[in-house]
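Order as written gives the chain letters A, B, C, D and E; numbering starts at 1 within each chain.
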Amino acid sequence: MDKMKDIEWAKINKDVLGSLESPRMIFWVVLAVCSLLVAAGVAAEAYQYNEGLGVALMNRPHFWQLYISNFIFWIGMSHSGTLLSAVLLLTNADWRKPIYRFAEAMTLFSILTAAFFPVIHLGRVWNLYWVMPYPNERTIWPNFRSPLLWDASAIFTYATSSALFLYIGMIPDLAICRDNAKGWRKKLYSMLSLGWMGRAREWLAFRKTYVLMGCFLVPLAVSVHSIVASDFAMSIMPDWHITSFPPYFVAGALYSGCAAIITLFVMLRYIFKFEEYMTVDIMDKIAKLTFAIAMVWNFLNFSEYASIWYSNDMYEKEVLIQKLIGPYWPVVWGMLLCSTVAPFAMAFEKFRQNMWAMFVLSIIIQLGMWLERFQIVSPPLASNHEPWTWAVVWPGTVQMTITAASFGWFTMLFLIFCKVFPSVSMYEVKELVFHHRRVSARSEIEDLDKEKEEALRAQEGVA
Amino acid sequence: MRKKNLKFLFALYEDFDRARDAVAELKILDLKETAVEDIELYSPIEHPEVEEILGEIHQPIQRFTFFGAITGAICAFLLVAAAAQSMFTVQPQGGKAVIPIPADLVITYEGTILFGVWITLLGFFVYSGIPRRLTRLYSRKVSEDQIGIEVQVTPEHADAVRSTLEKSGALEIREV
Amino acid sequence: MSRNTWSRRTFLKAMGLGGAGSALVLSGCGDTDIINEVDLEVRKEKVEPQVDPQDFVRPGIAMFYASTCQQCPAGCGIHARIRQGRVLKLEGNPASSVNHGRLCPMGQAGLHGHYNPDRLTKPMIRKGGKLVEVSWDEASDTLKSKLGRKNSKLAWLSGAISGHHAALIDAYLEAAGSKNFFVFDTLPPAVGHATNEEMFGSAMPRYDFDKAELIVSFGADFLATWMSPVHFPTQYAKFRKAPRGTLVQIESKMTLTGANADRWIGIRPGTEGYLALALASLLAQDSEYASRVPASVADELKGVDVDAIAKLTDVSVERMHHLHHMLASKNPSLVLSGPSAEGVEYGSETARAILLLNVMLGNVGKTILPRSEAPFPNLTPRMGGWSEAKAFLDGLDSGKYDTAVVFGTNPIYQAPEFMHADKAFSKAKYRIAFSMFPDETTMACDLVLPIHSYLEDWNTTMPAYSPEDGYLGLQQPVMNPVFGEGSTRSFGDLLLEQVKVLDPKFKHWKNYEAYVIGALTTMKPALINPPKPTVPGQTEAEGFKQGILSDGFVHMKVNKPKAIRAKVETVNLPKPPQQDSSYPFRLIPSPRLGLWDGRHANIPWLQELPDQLAEVVWDSWIEIHPKTAAKLDVETGDVVSVKSSKGSIKVKVAVFPGIHPEAVAIPLGQGHTEYGRYAKGIGVNPYSILEPKFDAKTGELATYATNVQVTKVADRGPIVTLAHGDLVLENGSNSQAGRKIVKTVTARQFDRTEEEG
Amino acid sequence: MALKRMLENWSDFRKDDYYDDTPYMWGMAIDLNNCIGCGACVTACYAENNLPVVGKEHYSRGHAMHWMRIERYWDDPDGNTDVDIAGKPDIPFDGHHDNSNDPDAVTFPERGAHYIPMMCQQCNHAPCEPVCPVAATYHSPDGLNTQVYNRCVGSRYCGNNCPYKVRYFNFFNFWEDLPHPLEMQLNPDLSVRDKGVMEKCTFCVQRQRAAKDAAEDAGHPDYVEDGAVQTACQQGCPTQAIAFGNLRDPNSEVSKLWREHQVKLNHYEQEKDEDIRGYRVLEDLNIEPSVMYMDRVRDTEA
Amino acid sequence: MWQKAKALNLYKLLGHRGLMLVMAAMLLSAGTAWADDVSNAKQPIHFPHYIHAGKFKINCMYCHTYARRSKVAGIPPVAKCIGCHKHIPAVRNKPRIKKLFSYWKRKEPIPWLKVHDVPDFVYFTHKRHIRRFIFQDGRPTQQVCGMCHGDVKTFVTARKIRPLTMGWCLSCHRQFQGDSDIGKPMPAKRWMIPVAATDKPVMQVEYPQPAVLDPEHPKTMTHSEIKRMSDRLPKKIRDHLVHAPHDCWKCHV
């Protein structure tokens, strides 16, 4: 397979900076579609705001539905970005370098998308600010017992931290842009690059900071989805109140996130012509990683089923049965098909190294994970403690529209980012190349030494 | 420490090894006024070994981080327990404590990380010396693929230094 | 909340609707610390002080007034809660022996009849074929010209009626020289009354549930729709206390009573009488029981073929023997006969067969107690029945009567197609309706007079089933007319005007209030300890008036009833008619506690109150046994066409286990073509397709005797039940899925633990 | 100041049962032997508590707002529908009947229906309370499980977390087109809820308030005589199946019933003598409901 | 009012930098929060409180007769006005008196505009407050009423001079909720209305007064003194005061 070639640094700059100028036509098409979706979503939300939440066709007992599943889905997607950049950073995995930038961007934007849903799904959105802890004359505060509050704080922390992480990591590249850009871009970049000149002390401080932040981000990321999981685990609903939910959610998050990275990987590679940087080799590595995580997730999923089955708790067992043969069976079986069976394709090298195959697979996996989020939320409500209230509801048009809009919103933000900021970290790629050179140079020197020795031995032999 | 009427020289090299040799030779020159601090090295990527030639650069950012994390923890817990729950008009709930440790720990945890990250950033700015405006001698080649060396010397030594730099294969030399 | 005891409320001046609750929660407490928010709040509302209040009237403090419920003929005593001149809530009157401070859903919902947005507020006269609103002057002139004269061809149809309304109508008709007073109310069991009259000498003897150890009810739904929906449940509660009485319900469609029975026996529709006979014959084998009936009867009974009856009734012989055993062992017992048993061509015989059991078991005099004759017969309740409705309609049809007056009933909606009520009405020369709502009959009349609701008007009522003789419920206005003076008027006043014209005796009554109070005052010597003045300085009259009104009822002295003795003659049930194979199912028009016979279909609360058994709201449905449903290949929600020889209707299916496979049941109450926004156009009216079958003896319409065929016409549509209608999971809403929601213990355990406890 | 307060009251703030010493703990006891499922309580609740009539459409979507509902089951917890086969001898009451063996058997629920009135059980360890992000629902000193409409932002977490699903959410503004003069019936003692607000049974808190007010005038603010407060459903019930009162008052009817039927607070498994009827629905979830039910009774020899 | 409430929290939350900032911002934004005077209510009759309550020193409860018996104070019924005024021929020809009598003749209620209007979902009972402060503590009537309604005896028609917001209610109800809130004389002091000379207490007081509500020496007391005093208060009163804010359902349903 093709490893990353020795590329001229100047060329690196040229290629990456080029991506800011001239993407393929498809870029604009996608962008247009996304903004349309967003517009539709806004309209739907306005309608719901005026009429009341009933138009979303939720009811009793289905107080929560698609909005919450989307919330989990997007939060989940954000995780792998941090995983790739922070974890692989701390473990010095070289191959992360060309791809971590857009992974982080993905993290940030999926959080921003996720943050919408708790708001949209409030009954009285106009009172949202009561959820924030601000001192008021009534000494009424948000209730910090509520996992929703934990969500709020976790998401806030996560959003800000990962935004910072993304930004700090981008400063040297911004400097490069500054040096090459003109017009408004010039102004923008010189403002953002804070006068970075690549002096030794800057580099050292930069590296330290970057690693320190990385250290924070890993536990943060884990905590965030555990807390989202606790929305359910802390409740009393059958099949929500499950101890293994936090790890289960984290695994699922990483899983869907990696799938998302693969998708974007292929997209960017095509749109911005990054073939040289986003090599098949890297894809192969990501695929392996994804496969591993997929297995972890599957294990947790089935162990959950098993624990319910063997615990033989009346309520949870009922839900499990309803999941598998009840009215929601298409969702559950669809999930199992997409997220449990499909990933085994990645066991084959040929498959791993076929970009478009991986692209399709990644989409399938994400669909599966989206279904997984739906089947976490709805079926337990459908067959809850109280048989009398058992009911089935399928999300209506409003919910579906807003869901679609969220995908549009995310993609839109992401594409705009890639258009404005270098989506491949130039300086890190340079380091990558630099180290390759070092290695090759050292090996050459070693070869020379060998020849010398042999020559000497020959002389001795003659003498 | 910076004196008046100093001269600034800025040389560009095509790779790090050359730049390193140049610095070595400057040292050999042994000019009283030229301390190591007066030599600044610009590079497009990080070179950890730079400290070997320029000497130790002291940047205790981790202290900031530590301090930030502690403050975060304390502030978050105070906000939740003291400010909110103990002053809450209707906090008591059947069967549950007013100040529940597990719940508050979660918030504390997040607070720790939040402050940790932010104050680390502060440390970064303090020690990296940015934000600042670009030096007049800065060349955009540095951000591309060349290594720059900035030396500040008293006028009488300027020529010696310049020649040294040229000898060690500078592609371009600027001065003010 | 002080219960106070005052009568008239000229001072009741509504204080504007600014009262605390009645505005929406618009802004939460979060907004209130923004000051200009406060400015917005200010001066939104007016506060109008009363002009000249009595000193016990305090804004913000509730008061209670005693009155009598008119939602059904049961005549329960009520207390109305008043705040700022508005009646907010109705509670039962604890002192009333009818309902002991309790109230049924319909009684609670009286408020929505009273405040109903579809109430008539202006008199209407038919001009050029359609009704137009006119002034009261014009209306009352017309009324005088039509009623204020002698007219022997005037026919008066009213719903079940009693008390001084009845008395006044009598007085009027006498003065007007008309003998055509018809009373029509669908639910009161006319056949049963007749049979009681014949056997026990009173249409409605007193029942002592409390004493009975066993109640065997042949379709008498006494917990819901059998005459007194509150009184019998209160008795039932006593009956169920330890030692707990046993209830066996025998009917083809499970009623609310059946749902609470210890044993519900699904019998083939229309064969209740035969089962009764079989039981009688089993009893007759024992000389003790046989001795209680004339020898001739006993001999006949011995001849009854039990096995044949078992086949006929679909009740196993074992079960009959078990019943016989219970009847023999539990003493005293009580056997009731209800409309679903009596509603056939041989209804009277059936009822007699059933009541015969009481005689044989010696319940008469133990659990069935005599009545003493009423001191004021013209106040006693008149329940009427289908026969009178038919007579009235036929009279109109044949031109025997030229002027029709309708009050408190709705024949055009109730009467089956074959009676052609609307045609009969159109034949009458002039039609007058005293009505609160634009119901079908009202809208077919020429002169429509909007009358007060029972919460705005004076009246007295005698309960359809009175637990004690001589009980007269009083009804007083608890608030000023909702739509203000000059909109609705009191029926009593309107009629009294006419009587005054014809009969000088009535001249001195200022208005109906004066008439009622006057009448009561004249009754004073006949009352059991009439109230005395309580407040110093009160005159005797004032004291009396205040006293009786604060009680909400009066007790009249009655002389001791003479011992009850049952008159028994041979029961000869005809051979049951062969089931016509083209109409394989028996249609059961089942009344609901709630919509009653359809008069409450315009009350939102009752439309939204789920049916107690099918749990359906806002709709009509047909109940079909799962087995039959499987045969017909229909499931809940499918639309079927129900066809009798007299017409057909389309209705949604609700598969329902508590019904005999050969019967289908459609609830009463829906299918209005008029009657306001909440009733119009919802569901169907099963009465409309009844066949012209009548009880041979009394001439009552046999409402449970119609045979129908059922065919599927459309696939599953939404049917709205308490458990979310078509959202319901397949196994939801019927099964407890292993949760301990409702658990059952046996009566034996119950008695043991209760006696210990 | 805040810090001072926290430190000083630390032990208090860490106490689990914060309201141990308050004078009231409202509770209910419902006798299913008496309940006939007529629905008087439901209508009474509509009348007393300003409940909106949602109409057919909304009802079918599960947006009904009845705070109190009567559930009707055809089987008992063990799945017995107590049916007999017409024309066949009785089957034992407790045995589970299976009529699959003969196809033409006709089965009826011959022991009638299982009715149970279900309203907010005012749990003392209410799952709905801790999850509200704005503390709009909390535990009142009277042992009530409150819902403050003004504070509610409509996250509906409480509704999810309620095992009985007796919290009702205003999915629309059901009052918008309330025709005159129906609004004249609205009870001014409590608010009319707007869209986006969760609401639930309050044990008629407005009546409790009135009674307490009277008690305070009478000079004993911390004691309300038994029977001075009647909930609307209790007052309406034709068979007097519902008893309501103060569980802290040992002489109140309701606490007598609780004692008689051996149901104790703070126990999620009651140790009871044989055949004692008292139980609380779903009490094994350890949520401490304040409503005790008494088993339905059937004469199985009939 | 607004500023004060924020100030309280500032005080409570001292040492918390983040919140300090937030509150500073809030204080700034609270610029003209005093504009709370709605004296321009166009009432049907320009009723002179300053004559009735001021000049003639009529006890508030003589006209607002329901205040001590019901949750609403009640606007005096027309009959009440007439009752006196038909014996005062002197003013009989004044236009507003004429207007009054014209209402009386038509037996019409006077359509007063509501000035003191708490939000619709708030339950406030006059009775409890009157009983507590006038009949139990034996305070001068005008002082007690004045706490919420201002110095009415100087008004013409009533004006709203308190925001009547939740925080404002609490600022009084929190007086004795735990130590931390003890000793903020400011609110009470600010409400104190100079009492008319003749407006004597209704009855004698048998226990020490909570200082913060004491018109005589509000600001001369230190926290510790106030604390000591409140400790000497009968438990019932303390509980009563403490209890109130601990249950939203006291006021909101």
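In this text, a residue touches a chain if its C-beta (ideal position, glycine included) is under 8 Å from a C-beta of that chain, and two chains touch if they have at least 3 such contacts.
Owing to the predicted nature of the structure, the values given are computational and were not obtained by experimental measurement.
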For this session: Determine the set of chains touching chain B that also touch chain D.
Result: A, E
Problem set entry | Contact-graph separation of chain D and chain E, given in steps at minimum | 1
Seminar exercise, completed: Every chain in contact with both chain C and chain D is listed here as A, E
Exercise. Higher C-beta contact count, A-C or C-E?
Worked result: C-E
Seminar exercise, completed: Maximum distance between Cα centroids and chain A occurs for chain C
Exercise. What chain lies closest to the overall centre, CA atoms only?
Worked result: D
For this session: Compute the centre of every chain as the mean of its C-alpha atoms, then state which one is farthest from the centre of chain B.
Result: C
For this session: Determine the centre-to-centre distance between chain A and chain E, using the mean Cα coordinates as centres, and give it in whole Å.
Result: 58
Seminar exercise, completed: Taking each chain's centre as the mean of its CA atoms, chain A sits from chain D at a distance in Å of 45
Exercise. Taking each chain's centre as its mean C-alpha position, how far apart are chain B and chain E in Å?
Worked result: 62
Seminar exercise, completed: Taking each chain's centre as the mean of its CA atoms, chain A sits from chain B at a distance in Å of 30
Exercise. Residues of chain C touching 2+ other chains?
Worked result: 20-30, 33, 724, 727, 735-736, 738-739, 741
Seminar exercise, completed: chain D residues touching 2+ other chains are 2-3, 5, 9, 61-62, 64, 69, 71, 73, 130, 135, 138, 141, 149-153, 173, 189-191, 197, 282
Seminar exercise, completed: Shared-interface residues of chain E (touching two or more other chains) are 2, 5, 12-13, 15, 19, 120-121, 123, 165-167, 170, 180, 246-248, 252
Exercise. Can you list every touching chain pair?
Worked result: A-B, A-C, A-D, A-E, B-D, B-E, C-D, C-E, D-E
For this session: State the interface residues of chain E toward chain A in the complex, per the touch definition above.
Result: 2, 5-6, 8-10, 12-13, 19, 22-23, 26, 165-168, 170-171, 174
Exercise. Which of the residues in chain B end up touching chain D in this complex?
Worked result: 78, 81-83, 85-88, 90-99
Exercise. In their shared complex, at which residues does chain D touch chain C?
Worked result: 32-34, 36-40, 42-44, 46-48, 50, 53-56, 59-62, 64, 66, 69-79, 81, 86-90, 93, 106-116, 149-153, 173, 175, 179-194, 197, 210, 232, 235-241, 260-261, 273-277, 279, 281-282, 293, 295-302
Problem set entry | Complex contacts: residues of chain B adjacent to chain A | 40-48, 50-51, 54, 57, 59, 61-62, 65, 79-80, 83-85, 87-91, 93, 96, 100, 103-104, 106-107, 109-111, 113-114, 116-118, 120-121, 123-124, 127-135, 138, 140, 142-145
Exercise. If you look only at chain D, which of its residues touch chain E in the complex?
Worked result: 1-5, 8-9, 138, 140-142, 144, 146, 148-151, 189-191, 202, 205-206, 209, 213, 216-217, 221
